[in-house]
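In the two assemblies presented below, chain A is common to both, partnered first by chain B and then by chain C.
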Partner chain A sequence: MKGLKVLKGEIGWLKKNGLQVLLVVVLTLVCAVYLFPIYWTVVTSLKTNSEVFSRPPIFFPSSFTLSNFYTSADVFRAVSQTAVGSVPWMIDSTIIAVVATLVSTFLIAAPAAYALVRYIRSSWLARLILFMTMIPEAVFVVPFFIIVAKISLLNTWWGLILVYISFSAPFSTWLLMGFFNDVPKSVEEAAQIDGLSPYQIFYRISLRLVTPGIIAALILSFISCWNELLYALVITYSPFPAGAQTVPLFLTSFIIVEKSFAWGGLAAAGIFTMLPTLIMGIYAQRYLARGLTLGSVKG
Partner chain B sequence: MSEVVIEGVTKKFGKTVVLDNVSLKISAKEYFVLLGPSGSGKSTLLRLIAGLEDITDGSIYIGDRKVNDLLPKERNVAMVFQNYALYPHMNVFDNIALPLRVRGRSKEDTTRKVRAVSETLHIYGLLEKKPKQISGGEQQRVALARALVRDPTVFLLDEPLSNLDAKLRVEARAFLKKLQKELGITTIFVTHDQAEATTIATRMAVLNKGSITQVDDPYELYARPNDVFTAGFVGSPSMNLVHGTARRVGSGWEFHNEDLNVELGGKKLESEGEVIMGVRPEQIAVEKGGGGLMGSVSYLELLGSISYVTVNVGSTALIVQLTGRPDMEIGDTARVRFRPEGILLFDTRTGRRIDLAKV
Partner chain C sequence: MRRGQALRVGLILASPIIVYFVAFFIYPLYTLFQNAFTSASGAISLDNFRTMLSDPLLSVSLSNTAYYFVGSVALEYGIGFAVAVLLYNYTGRLRSIFRTAIFIPLMVSPVVIGLMWLMILNTNYGPLDYMLSFFGAGGINWLGSQSLAMPSLILANTWEYSPFVFLIIYAGLQTVPQQLYEAASVDGLTRFQTFRMITLPSIRPSIVVAFLLNSIGVLKGFDLIYVLTNGGPGYSTYILSFYTYVVGFSFFQPHYAAAIALLFLAIIGTFIFLMLRFTAVEDYLGLKKGKGE
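On to the complex of A and B.
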């Protein structure tokens, strides 16, 4: 009898929380699907070569090695790089991504988004900016190559920086327009009456209120610049240390034409490449999700 | 301290006329209230005075300056918004100090003024806090402090009490009135709450659909509304408004409809015709029992010291105010009597009040 009662209780609980349980199960599955590649990369980077190529694949390696990270030992002896060798490329990547991100966010996207929301209020212009973010980047490869070549910026930081700005500025503008739209108009009007000029209102009030949006734009823009391969390949094509080459290009050097991939080294370098964006991604989600103007207006 | 003069001001948004040829004179040091339902244009009028909107037609003067083309900051007006509009990223001190800082006041001067105004408003202990860390009532005081710190000539308040809870609202109302008296700043207060308006105003204007229906002191507005709209809008519960005709009966006059015949008590009209009779709930007497004008009690509302009784006379429902506990219940038969001096008549066509002469 008692057992039955407990069982009834359990069924009741399940009825009440059924949706919750289902949600947890589904989310766990989704999480597993997304996290598996990361797990696989980490495990592969730590595997010995024999285990990398073993069939069936080994999910839980029995022995670990750090050789992929710092020695040049490679199964084919054709790849000289290790993960540690990525450092100079990382420096190039950092400079290019940081400059492109700062310029596109602060000098272009934030003023443009504010103007579009508060002054121009042109929906077709706003839509045009949205469309620009939807165009596949491959479309512009040839024109951009010609432009960058004509202004003699091939194989330089500035060549890539200009191209990256042209991609991240429209996206950040679109993102920030939403945030500026949420800034209560009365706060700006109060500032107007308090005696602030339109520029002061932008700089001292509104820009500060969209800080979560700015952080989100900075991080998303940085990640996309950091990960970009196609343009890096085209615009900085000559071999290192020709001028400027980013980390994704470094990763391609683990591909051994006609033979195979240096999986261990690629995975190890991949972890190095992934780390900054992973940390930023975790940091950014907080700002993307967070509400905007807590405290200024009573809901 | 300046007077504010509004001359023939019209405001259109596209083709919508929000304010239609509004003229108004607000004296220096006056506590003036703009009262009206939502959409009446009262907030727009305030925003025109502040300079947040452009005037379509007409002129606004603050003091002896025409301010039509002046920026808000050049008008030296201060405004408190319904949602307070504090700067959420700054602490209370910086919120209050900002108007002084942008005017280039010295650091010592700014600190001294901010401290002085925050003492007046009892928010001295909050200066280091952010707006979201303090209560609604405190936020409102911070907004007031920010408005007052630079000694404005005109003080504009746009429904500043409507986000406060009932008890706090009554407190804030009294506080604002006292503060205004102490500082002697010309104050224009916008509200849709007629009780709020009548308790604080020295004079008030009632707006309806972009036009001013009446400008008067609160008592006159209550006792002698110029038209049916004002009569119905000012006072709670509303004035009883009954449609019917005015006609001559013998030597006197009476109001008549299918349910009621009310003697106008020695008053006369220029001619017979359709009218609306307006009577305040306290100008009607009701007694249990039959005889005279009879109706049945349909609703009782007990408010403690007074109560409201709804009496249906035929299809006409009348709200009557009683002192103390009513000795009747729903369904009882009751006798209704109108105090002749409390009867107002309005022209059905124009809505204007008809002045009654002695017979």
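On to the complex of A and C.
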């Protein structure tokens, strides 16, 4: 009797929450699919070569090795005989991404976005900025190569920095326009009454009020510079002497050479490549949603 | 502030972007036109555009681009939308964990995504083939077959981009006022009717924005093709962005590459123009007028 009562209770609970239970199951499966490639890369990086090339594939390795991380560093080093240091690709990528991001966000995008929201309101200019964020790299790859060659900056940090500014500046401008647009005008009017000049209002008041926007612009611009491949392939094509080579470029040449051999090392190098942006992205998830979707999602 | 003074302040603040605009947009655009409308000898000619008309590789690239575009957007949109609706209907504690998990692919660099799928799709040692072999569908050479290389690319691209659609639609769903649902249940609407008559019209902005940004993202794609198939086997995964690069930097025909780039720009431009003309998409992108006025 008692058992039947419990069973009845269970059925009642299931009737009420059946949909939720089903949703948890389905969503867990969905997430497993999204996370599997990352899991597979991590697991592969921790396998020995014979474990990597086994059939059936090993889904849950019983022992782990870190040798792939050292080996991958060695292979990278062998590919990149540069004097810059032991991890030139990381250094190059960091410098290029940081400089391009700072210049495009603070020097170009922030004042321009403020001007376009407060002083030169024009829907045509706004549309032009939006259009510029959507032009594929492949369209401008030939002219940028010609221009960078003309000013003798091929295979240098500066060449790639200039080209990266070309796509991060309009993107950050559009993003910050949305944020400046949300700043109430009354704040600025109050500052004006206090006797601040328009530039002081921009620099001391409004810029501080859009800090979340600035953070989103900085992180997203850094991530897109860090990950960029096509321009890097063309502008910094020459590995010798390697004046500037970014991480994705190294990884692709590594993949081309080791496609059928050093999967463990490749996976380890892949983890090196994606870890910085992955950490930033997860950490700043809330800020980024709005930026990634060009302002349509208010996080 | 007087109008003249306001304009002066605006122009001073905008001066860096004006320099940028001339140096990074007008000048490259001019260089693009200049190259497209001259032959290799430097004489002005329409040869590049004439070549386009009879270039079999260009027509292959165009039809591949259409295949890639339709396949990717359909899958990404469908899956992203469905997952967003599923997560929205789930009210338990795991919500933010699920959201973060689905967000993660967006943060992985495309070259690494290429590497991941290279390993997963491998016929001999990859996990996918092993799992499929239980259903008698093993031994398929995903990336090495003319007919399956493109679907494989679309699969990898769907993993990368469906979270993007998810993100936009999910955020849209959360802005639907709860009162509307209460009113619907008072009126006795079924679940499906509520979805069709309440939810869908309310998230129209997200639906349009997700379509626009997803489409642009797919058309921009280059990295996955470069890493996974490099255009092959044969020319079966040549798409427009990849072909522009190949013509310019493997065939060393910058003039012809410039002409193809102009065609590419025209296609993207037309697409954006149509979206702006027939939807209010720019109003949905966080720049609604009036708030700061």
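We adopt the following convention: the second predicted complex is superposed on the first by the 232 of 299 C-alpha atoms of A that agree within 3 Å, B and C clash if a C-alpha of one lies under 4 Å from a C-alpha of the other, contacts with A are read in each partner's own complex, and residues count from 1 in each chain.
Basically, contacts are C-beta pairs under 8 Å (C-beta built on N, C-alpha and C of every residue); 3 or more make two chains touch, one makes a residue touch a chain.
Computed from a prediction, not measured in an experiment: that's the story for all the values here.
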Requested in this report: Mind working out whether A:Gly195 is in touch with chain B, chain C, both or neither, as first, second, both or neither?
Outcome: first
Requested in this report: Name the chain, either chain B or chain C, that contacts more residues of chain A.
Outcome: C
Requested in this report: Tell me which partner A:Val187 touches in the superposition: chain B (first), chain C (second), both or neither.
Outcome: first
Query raised in the report: After superposition on the shared chain, which partner residues are touched by A:Thr211: those of chain B (first), chain C (second), both, or neither?
Result: first
Requested in this report: Across the two complexes, find the residues of chain A that touch chain B and also touch chain C.
Outcome: 184, 293-298
**Report entry** Complex contact set, residues of chain B against chain A
**Finding:** 50-52, 71-73, 77-79, 81-89, 98-99, 102-103, 130-133, 136, 139, 146, 163
Query raised in the report: Can you list the residues on chain A that touch chain B in the complex?
Result: 184, 186-187, 189-196, 200, 205, 208-209, 211, 293-298
Requested in this report: Quick one: which bits of chain C touch chain A in the complex? Just the residue numbers, please.
Outcome: 1, 6-7, 9-14, 16-17, 20, 24-25, 27-29, 31-32, 35, 83, 86-87, 89-92, 94, 98, 100-120, 124-127, 130, 159, 163-164, 167-168, 171-172, 205-206, 209, 213, 216, 219-220, 222-223, 226-227, 240-242, 244-245, 248-249, 254, 257-258, 261, 264-265, 268-269, 272, 276, 282, 284-288, 291-293
Report task. Flag every residue of chain A that touches chain C in the complex, lowest number first. Result -> 19-20, 23-24, 26-27, 30-31, 33-38, 40-41, 44, 52-57, 59, 107-109, 111-112, 114-120, 123, 126-127, 130-132, 134-147, 162, 165-166, 169, 173-174, 177-178, 180-185, 198-199, 202, 223, 226-227, 229-230, 233-234, 237, 247-248, 251-252, 255, 259, 263, 266-267, 270, 273-274, 277-278, 280-282, 285, 289-290, 292-299
